[in-house]
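What follows is a group of structures, each given as C-alpha cells.
You will see subunit A twice below: alongside subunit B first, and alongside subunit C after that.
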Partner chain A sequence: MDPLIQTIGFGLVTSAIISLGAVGFTLQFSVSHVFNFAYGAVMTASAYFAYMVNVTFGLNIWLAVAAGALFGAVLTMGLQGGIFQPFLARRADTFTLLIASIGAALVLVSAISAIAGFGAHSFNVNFQVALHVWKFLWTPRELVIMGLAVVSMLALHATLRYTRVGKAMRAVADDADLAGNSGVDARTITLVAWGISGLLCGLAGVILALDVVSFSSNVGQSLLLVTIAAAVVGGIGEPYGAILGALVVGLSSELFGYWVSPGLKDVAAFVLLIVMLVTRPYGLRSGERLRTEAQSL
Partner chain B sequence: MRRIIVGGLVLLSGALGLTACGGSGSTGEAGKNQKLTLGIFTDFSGPNGEFAIIGVAGCVAAQNSINANGGILGHKVSCQRFDAGMDPADAVPAASRMLSSASNLVLVQGLKEEVAAATVPIISAQKILIISTTGDKHFDKNTNPYFYRMVPADAILSSAQAYWAYKSGFKNVAMLYETGSQANAVVEPVQQGLEKLGVHITKILRIAPSQSSYRTEVQALLASHPEAILTETEPQTATTFFSELLELNNGKMLPLQGDSATANSSYQEPLVKAIGAKNVEKYVTGTTVAAAAPGPALSEFQHVLLASGSEIPHPELYKDEPYTEAFYDTDVVAALAMVAAKSTTPEKYQPFIEKVSGVPGGSRVEVHTFAEGVKELEAGKEIVFVGTAGPIRWDKYHNREGTFQALRWNATKHEDEAVATITPEELKAALG
Partner chain C sequence: MSSALQYLVITLLVYFGANLIAGWALNLQYGVTGVLNFGFIVFQAVGAYVAAVVTLGHSEGGYQQYILGANLPWPLPLLLGAAAGGALAFAVGLFALRPAQRDYQALALIVVSITATTVISAQTGIFNGTSGLAAIPQPMAGVLGLGLLGYGWFYVGLTAVVVAVVFFFVHRMTRSPWARSLRATRDQPAAAAAVGIDVHRHHMAVFVVGGAIAGLSGALLVQFIGSWAPAGWESQETALYFAAIIIGGRANNAGVALGVAVVWTGFVESVHYLPTFGVVGGLSDALPAMSIGLLILGFLWFRPQGLIPERRRRVATYRRRKPPLESLQGETLDVAAGQ
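Moving on to the complex of A and B:
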C-alpha cells in the first residue's frame, strides 16, 4: 500500500466536499457580488435539519441528505430575499453587504446553538470498513459522497450550458443591467441562482457533518474559509474554476499534512490563497477568461 | 473659577475612590449579620458554559451545609456566579467587575486554564483567597500566598496518564494530541513520563482540531504500529479521528488512553455513536483525579447536594462528579479556616487553610463536615478536615497532591467504572 497514493485518495474525498461548497459560494458571488459569510452558517443549519430528519424522525440518511440540501436552498433564498436583496436594490457597496452577511451568520449560528445546544450530534448511520478501490482506500459512504459531488457538478454544468435559466444566469453574471435590458428578469434569476447555490451549500453542509461523524454548531464555519480559498483559487465568480480550486486546495491540504505537518493542513489552503491573489488574482482559469473576453471584443 | 474646577476634581476623585473601596469591601471584616460571598469565577456564557454548573453544584451544596449549621461566625454564605468568559480579554474586565460589585467576597473559586494566569494576580492583589480548579502549569511552582489549587497540576495528571500506559503493559504507544497551547502543556510531561518508564513512543502526532478528515494522519499513525494510543482531543476531533481509524484498520480498534476529559460523558457518548459501545467499553479509558471514597464527608456532600434541587436542576447528576466534590471541599475548608481564625478577612484566615487540612494524625481531631469542624473548634481543639476524596494534602506550592483513577465507560449504565487506582506514592516511586 502506497501511503502517498492513499493520501491523494483521501484528498479527493475532501475535494469533493469542498467543491460542492465552493461552487455554490462562487455562483452566489457571480450573480450578485455578495461575499456571503453566512454561507457557513447555512451549511450548519442544513446539517442540523438533516439531523432532525434522520435522528428525530428516524428517516433514512440519504433522505435526510436530500432534505438538508433542500432546506439549504430555501434558507438561502430566504436570506437573499429578506436580507441581501433590499441592500442590492439600493446598490449597497460590497463592504455593507459583507457586514450584513457576517451579522446574518452570527444570528444563525447563535439561533442554532440556542435551539440545539453546544453539544455534539451524530447521524444514525452504520459503521463501514474501507474498501480497496485500485490503490485507494475508501468507504462506501465516501464513494457515494464523491459520486454525489460529480453528479451535482454535471447537473450544474448542464443547467448553465443547456437551459434558458442557466443562460440567463450567465448573462446576469456578466452584466445584470444589460441582461435586464435584454428582457431577462434579473431579480428572479438572481433568486434562482441563490436557490441552486443554497442547494449545493446545504448538500455540502450535510455531507460534511456526515463525514466528520460528530458535529456541533461550528461545523459549517470550520469549512467556510477553506471553501472561500477554493473559490478564490479557482477565480471568484467562476463555477468551473471553483471545481478546479477545490481539487487543488483539497489535495494540497492533504499532501501538506502528509509531507510537512498534520497540524498545519489548513495553512496549505491559505498559502495557496495568498499566492494566487498575488500572482493570478483572477484565479487558475484567468487565462481562459481573458481569452474569452478578448474574443468577445 | 480655577478653584471650582480643582474642587470639583477633588470631589470627583474622592467619590471614585469611595466607590472603588466600597465595592471591593471584601478585604475587611464583614459587618454583623452580613452575608459572605463565595464567588464562582468561570466561563458561564461560552461553548463550555454548560459545564460551569458542575462547580456551581458543589458550591451550593457547601453553602447549604454551612448555612444549615449556623453559617461562618454567624454569617450566612451565598454562592455567586461571575462570568469570566472564554479568554483573558473577557476575563480581565470581568474580574475587575467582580471585585467592584461583590460585597464581602471572601473566596473566589473556579478560574479555568484559559483565564487563570491573567486574573489570579488581579484578584490576589486585593488579598482575596483563590482556590482554583485549574491545572495550568503557571501555578506548578506557585509562590502566591493567596492562591491554592484543589486539583493536581496538569503535568502530574499527564505523568499519571503515562504511568497508566506503563501499568497496562504497553511497550509501544503513539501519542495523539491537538495543536494549541493547552495540549502543549501536557505533551511534554506525558512524553517524559513514557521515556522514564521505558515505553517506546512510535509516533507523536499533533493534529489541528475539528478538521473534516484525518485519514492521512490515521494512516501515518497506523503505519507506526502502536499497541495503544495516548490522547487528549476534543470530542468532535476524537469522533472523526477514531471512526476513520476504525474504517481504515479493518474495523479493529486500538486501546485509547485519555485524560480526565476522556472519562466524561460529553466525550464518551459521541464516541459511542462513532465507534460503537462495545469498542468504547473494551478499548477506551481515561485517567483522572480519583472520585470520592465512601465515608462521612461524601455522605454529607451527597445529602446536601441532593436536597438542593430547587437551586440545582437534577443534582443527582453531580453526586459522583470529582469537580463538584472539589468545589464543595474548597468551600468547607475555607469556611473552617475562617472559623479557626475567628475572622472572615482573607488575609487573616489564609494561614489557617493548611492548619485545618492536610494529613490526619497527631493531636488534630479528624472531622468530615463543617458542623463537626465547628463543634471541635469551639471546644478549643485543632482539627483536620478530611474531604470527599480523602485527606487534602498540599505541596509547598499550594497544589493539592492527588490520587488518580483509570476509568472505563459503561455504555449500558451511562457511567464510569474505575479499573485502576494510582496513588501519589506509586507515581513518585515510578517517576520520581
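Moving on to the complex of A and C:
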C-alpha cells in the first residue's frame, strides 16, 4: 500500500466534505454578498441535530443525514430572514454584516454547548471494513461521504442549469435589482438560495461529523476557514469554482500534512487562502465580470 | 475587605486596565479608521511573549524553551512588548492590508490569527509549544518586598500609570488632524483618496500604532499573570474586543472604557468567580458567550452607535462670524429670484 496514494485518497474525502461546504458558502455570497461567519455554527448545529435523530431517537443513519441537512436549511433560512435580510434591507455596510454573523455564531455555538454540553459525541454507525477501489483504500463511511458529495453537486448543477428557480437565482446573483425589474421575486429567490445553501451546509456538517468519528461543539467552526479558503480559491460567489477550490485545498492540505507535519495540515489551506486574497482575490478562474462586480460592492 | 475579595478586586482592576488599553488600540483601528483587525489578539500575544522572555533570563532549555532570554528592568519589557507588537503589525500589514475590500482584509487577518495559534502550539523550540511559559517574574517584586496583597495594589497603581500615559496619547491622536484623515478614510474612502489622502498608508500607520499599543497591553498583563500560553490568546478573544467597542461606542474612548467594563469585567472575568449554577448541561459556561452574541446583535440593530456615541465634530470657528461669502451668495440668489 503506497502511503502517498493513501494520502491522496484521504485528500479526496476531505475535498468532498469541503466542496459541499464551500459551494453552500459561495452561494450565499453570490446572492447576498455576505461573509457569513455563522456558517460553521450551522454546520455544527446540523451535526448535533442528526446526532439527536440517530442516537437519541435511535433512527437510521440515512434518515439522520437527511434530517441534519434539512435542519441546516431551516436554520440558514431563519438566519437569513431574521438577521441578514433585515440588515441588508437597511443597506448595512460590510462590517455590520460581518460582525452580526459573528454575533449569531456566538449565540448558536453557545446554545449548542448549553444543550449538548462540551463533551464529544459519535454517531451510531458501523461500517468500518476497508474496501479497495483501484489503488485506493477507503472505508464504506468515506465512500458514502464522497458519493453524497458527488450526488449533491450533480443535483445542484441540474437545479442551477435546468430549472426556473436556478435561472432566477443566477439572475439575482448577477444583479438583484435588474432581476427584480424583470419580474423575478428577488427576495423569495434569495431566501430559496439560502435554503439550498443551508441544505449543503447541513449536509457538510453531518458528513464532517461522520468523518471525524468523534465530534464536539467546535466541529463546524474548525472547518469554516478551510471551507472559506476553498470558496476563495475557486473565486468567491462561483459555485463551480468552489468545487475546484475544494479539490485544491483538500488535496494540498492532506499532502502538506503528509510531507511536513500532520498537525499543520490546515496551515496549507490558510496559507493558500492568504496568498489568494492578496494576489488573486477573485479566484483562480477570475474573469473580468467578477472583478467589476466586486468593485461595485 | 477580606483578603480573598481584595485579591479579586486587584485582579479585576489590572485586567480592566490591560483590556482597556487593548480596547483603545483596536478602537483606533476599527472605530476611528474602519480597519477590521480580526487578528488583533496576535499583536497582544506577541507583546506579552516578548515581555515574558526579556524578563525570564537566559533559556537553559529543559522544561521551557524560548528565545531572547534576558533580565531587563521595568519598564523596558513593556516598551519591547510594544515594539514587538508594532513590528509584527508592520510585517502582517504588508500583505494583509493589500486587498482593497475590507472584508477580505478581515478574512486574511483572522486566518493569520488562527495560523499563529496552530503554528505556535506545534513549535516547541521558540514558543515552548502548547505549554507556553511560566514563572515570569513580576516587575520590582524582589526589591519592594511587599506581600501578595501589597504587591497587588502596587501593580494596580502601575497599571493606572500606564493607562494614563496611553490615554494621553490615544486622546491626542483621536483629536488630531491625522485622525480626521483616518475618519475620512473610514467613511468615504474614495472621496478621501480623491482629496489626496493615501488611504493604504494611513491604514498601515494606524495598524502599526494599534499593534504597538496592543503589544503593550499584552506585556502589562503577562507581567501580572506570570504565565503565557498560546491557548490564552485565541482568535475568539478578538471578538470580545469588537463586542466591547460596539456596545460601548465606536470611535469614542470613554465609550470603549464602558464597553470593556461591560464585556470583559462584567461577562468574561466576573463569571470565573461566580458559583456555577449547573442547570442544563453546560448552560452556565455557555451563558456569557451567548449574552455577548445577543448584545452584539441587539446593539447593531437598535443602537449601532453604542452606549456613548462618537462625538460629532464640526469646524466651529468658521461658523461664528458670518463669512462674506454667504452674503454674496444671498445677493446672487436675490438676483436670480428677481429675474
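Basically, the second predicted complex is superposed on the first by the 285 of 297 C-alpha atoms of A that agree within 3 Å, B and C clash if a C-alpha of one lies under 4 Å from a C-alpha of the other, contacts with A are read in each partner's own complex, and residues count from 1 in each chain.
Going forward, a contact is a pair of C-beta atoms (placed from the backbone, for glycine too) under 8 Å apart; a residue touches a chain by one contact, two chains touch by 3 or more.
The structure displayed is predicted, hence computed values, not measured ones.
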{"item": "Clash or fit, subunit B versus subunit C on superposed subunit A", "value": "clash"}
{"item": "First, second, both or neither for A:94, with subunit B first and subunit C second", "value": "second"}
{"item": "First, second, both or neither for A:223, with subunit B first and subunit C second", "value": "first"}
{"item": "Which of subunit B and subunit C A:159 touches, first, second, both or neither", "value": "neither"}
{"item": "Touched partner set for A:111, first subunit B, second subunit C, both or neither", "value": "second"}
{"item": "First (subunit B), second (subunit C), both or neither touched by A:263", "value": "both"}
{"item": "Subunit B clash site on subunit C (candidates 4-12, 76-84 or 274-282)", "value": "4-12"}
{"item": "Set intersection of subunit A contacts, subunit C complex versus subunit B complex", "value": "117-118, 261, 263-264, 266"}
{"item": "Subunit B residues touching subunit A - in the complex, by the definition given at the top", "value": "47-50, 179, 205-208, 210-217, 219-220, 223, 235-236, 239-240, 243, 246-248, 250-251, 266, 270, 273-276"}
{"item": "Of all residues in subunit A, those that touch subunit B in their complex", "value": "3, 6-7, 10-11, 13-14, 17, 117-120, 122, 127-130, 137, 139, 208, 211-216, 218, 222-223, 254, 257-258, 261-266"}
{"item": "Subunit A-facing residues of subunit C, complex", "value": "30, 34, 36, 95-96, 98-99, 101-104, 106-108, 110-112, 114-115, 118-119, 121-122, 239, 242-243, 246, 280-283, 285-287, 289-290, 292-297, 300-301, 304"}
{"item": "Contact footprint of subunit C on subunit A as seen in their complex", "value": "35, 83, 86-87, 92, 94-96, 98-100, 102-111, 113-118, 225, 228-229, 232, 261, 263-264, 266-267, 270-271, 273-274, 277-278, 281, 294, 297"}
